[in-house]
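Going in written order, the chains are labelled A, B and C, and every chain counts its residues from 1.
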């Protein structure tokens, strides 16, 4: 659970004097071992979640048409970089402000790391290094932004999108995140979201949904009441992206144990790994079987999204379930994707990569399912609604302003010719004839 | 060596009362450090071996023709997911049954993990968490199934293949695995296979060979006594897949040390990493030089398979050799690949990606080579034959039954048009003209 | 800092008798914990840096034209394998010779690892296992060679290039590396290069620059005083490669802390991770904004190279800067790339992937910038010049000899038709029509 984190980050600053270790003797591993192991957990977990940025990039590059691939790649590397800077500049301290009113912290200060060569007596020995914690947490905000880029692909302008990313990663995500992981009002209420089915994935999904509504569908996507398929240009990349995300998710969920230096904690991390893998597998197999039954043909992109929906579903509670519970949780995620992808098309909401079914709908399911373990249905529903209303409404406002001020959609001509040539002046695959 | 594992898994259930740690005092790192480090080894090793699933997917997607890429990707993500579920459902407990007759354990029960927040007094402190062990081991069974999918690519139907995967991962692999890693008759005999040259790789290779024989070669592969080259559609993906497998292999072999919490164990893990890397490098360089000499041109796919053959070769004993020994072991693997790939074609056995030379032939070599260190040639040969006969015969039977009951081969028309459109109704690269 | 490493490697051989641990009692974690953690750091750091080999391969395969992709892949897997063998054969002991004259050690012996099952009393408990150290260090030399392959792509013959790699990885890199990391004259002088902005990246860049001068530009690259764009064939691969390199860099810089078993060391590793990520992000965002301003269009390949230049820039000192310092360091790297890529073209120096701006120019900047923290400008400048003169001059000589003896450039016909068909007789993407 991320609940206690905000205490510890504060502890590094406020509780230091209370550590009265003798400076003369080297501290024993009984004192420092947990700190070292948890810091290591954040570093390994962090680089795994970093890797998810590549996963989103490959998934999205594989699912857009070839004429928009370079733009999708540009958006992905840019959004990650911007998220990293914004989270340092204001996000991290907005999200983990220490003692605050529970709703919003006026804590607009950049992140400061510990000094080089920290001594054990100056360290938050009950937790981990601030740098490792910061490194781990910033990867999560980047994931949120990646979700948006996939849904709005193939028609949004680069710079308005990046401005939205600035606001999402610097303000929206950290403020709503502080309600729970920063020790705010939702954590007081008993809401539970272990690694972020809601706080990360649904938030990304809500922002994407608002954007998709304001932006409108791609040209020609809905014609005479029918949905025109616009198949992705490179399913090998999309599959690679899915495998990368799956791998990164071990860090996403496992690292969110926030401790690795006791028998109980490291064993729990193992349990989380096993459950995470099971939910992904169950989501994939469910989509495999369902698409065979419904369409008489297996749909690879549904299988990929089934695996991802399984992962999102288990993210709110990857620790408590048994392996069988994880299987059920992930399987429901797979069902959700198979039924809600065409449903969105019915409403003419054009989500290029299926990000809204995977991250928003499966995220809601996963967050709700936590109540099977906690019993606190009220808190789960409150949290889901709170994140939804906050993120969706603010996103609507921001997208509307961006639309009014600078326009968020490329010209028809640019959309038809592809954003790569129109906005970047380059192609992703210049050597190959288009079919 | 994996030999002692079955004891430890049992230990978590049976030996717990003998740990008489005081519940009051926090256990010291001297007591819990090795458990934490070994659990961490399994988690890191496990995610690295998980990553090999992506490696097989990319390697195979790169080596099939573009019309069959989406199918190959579907098979790979599906087989991994099925393996994960089957190994939980029956595989893990069939393979590590604790005390059993040494040949076959009637132990058809799903895997159960430790409770959340395990206390040190309830943990198998001489080993690692059950969840981490399960997580690590299930990645190996998935590798076995991946080997089969590569060899049988471009002509096998999706569902019969997946049914075979169910049987392979739920029954065949775990039962034969129990003979050695479960403490069965082969481990009693002194057979040695550190990380699975035979138990994982040759088993996959034998199952693939049986399938290739029953299935027959691709249409037009052997014509008028000649082998018609059918080049892979994307060598960049194939190379990426090879690098992914190489990376994953550090977890595959290193994690198989099964311990990381003493100076001796962590040093051994380092030795295994260095030897594994050396064998892969030697296999690649050998294939590079040999193809230059034999064909006057370097063959990239041979170099890739040379690296993989080096990796398979060192897998049976990555610890004992010196770096020079590892170089020799891997180099022989490279030689094997260069000479046996065309040999299979002579016998009209159509192995699309070279899986049989890499995993079966180099696996036999690697397993035999262990006897240079143990001296026990009889045990090594017995083990190689036992795994070969068991896996090959049962695979032949299963493939034959599947062929009779539902057919295992797509229609000629589907094969010519590509499995992607015929079986999935989608293409991997729809935007690009085919040359 | 890598400064103390040569002591420790020697320590494993010479100081062993001074460890007088009781053989009877198991050593406590206070004694062995740091050794275990640092060994683990090298293993995790090492596999991350290994992964960079895949990153270079994908980056370069994506940035060359499709007719040269298979050759670029072949070069990358071959150069890694050769580097691994050469560094074992002579490199490692040339670079870390223990006590030597500070300029050149006559220490031509292959690397020998510790025995299996090392006891704590025989281990260099103040450092890490030799195998893990060797594994980690050899990954760095491979990175150096990868830099060369990118710059000289699309026109150099395979075998002369590989012979250069033999000399670079077996002799040039280890000898100049010993000046600093082996405890030689530059380390005596106070030169500082934490993880190798100069020792790894600039050395690769100097060797590449010498090669580019001797080899000449690609046919048709500079025509009538104009630079003809030759766009890369697969920007998705190039982006993937960049993300892989970024991920691997956490191991590159983080592992170069060379210790992880104290509060100070593991906290420093976390600081390095955070700074490394910040510098990459700043480099990418800088190139994003600059190309928009200068060219009115964002240039994806510049953004990718901006991220990489940020990473190279922070490599000489990833620990001392604050996050803001890391941002500035990386941003300057991004500026350098945007301005020096066209500058090289002005001088008709044809660097296919931008390796010289990224690795040489940003490497010089990063190394210089260390003096903001150490104040020792003289030592930094001396080091930069020493590595430059040594590597550039010897490279010029070697390339010239290779050119005279066997020729280093493919025929005009081969260059026009592509190196894949001419030198390998295979294509990377045979199924796709060329546009």
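By our rule, a residue touches a chain if its C-beta (ideal position, glycine included) is under 8 Å from a C-beta of that chain, and two chains touch if they have at least 3 such contacts.
Predicted model only: the values in this text are computed from it and were never measured.
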C-alpha-based rotation, chain B on chain C, 0 to 180 degrees, nearest 5: 120
Copies chain B and chain A - interface residue numbers shared by over half, same or different: different
Separation of mean Cα positions, chain B and chain A [Å, integer]: 32
Of all residues in chain B, the ones touching two or more other chains: 28-30, 33, 40, 44, 234, 240, 429, 432-434
In the complex with chain A, residue positions of chain C that touch it: 28-30, 33, 37, 40, 44, 48, 65-67, 231-236, 239-240, 242-244, 246-247, 250, 254, 260-264, 266-271, 273-274, 277-278, 280-282, 284-285, 288, 292, 295, 297-301, 303-304, 307, 319-320, 322-324, 327, 429, 432-435
Touching residues on chain A, where the partner in the complex is chain C: 26-30, 32-33, 35-36, 39-40, 42-44, 46-47, 50-51, 53-54, 57-58, 61-62, 69-70, 73-74, 76-78, 80-82, 84-85, 88, 110-114, 116-120, 123, 125, 128-132, 134-135, 138, 158-159, 234, 237, 240, 423-434
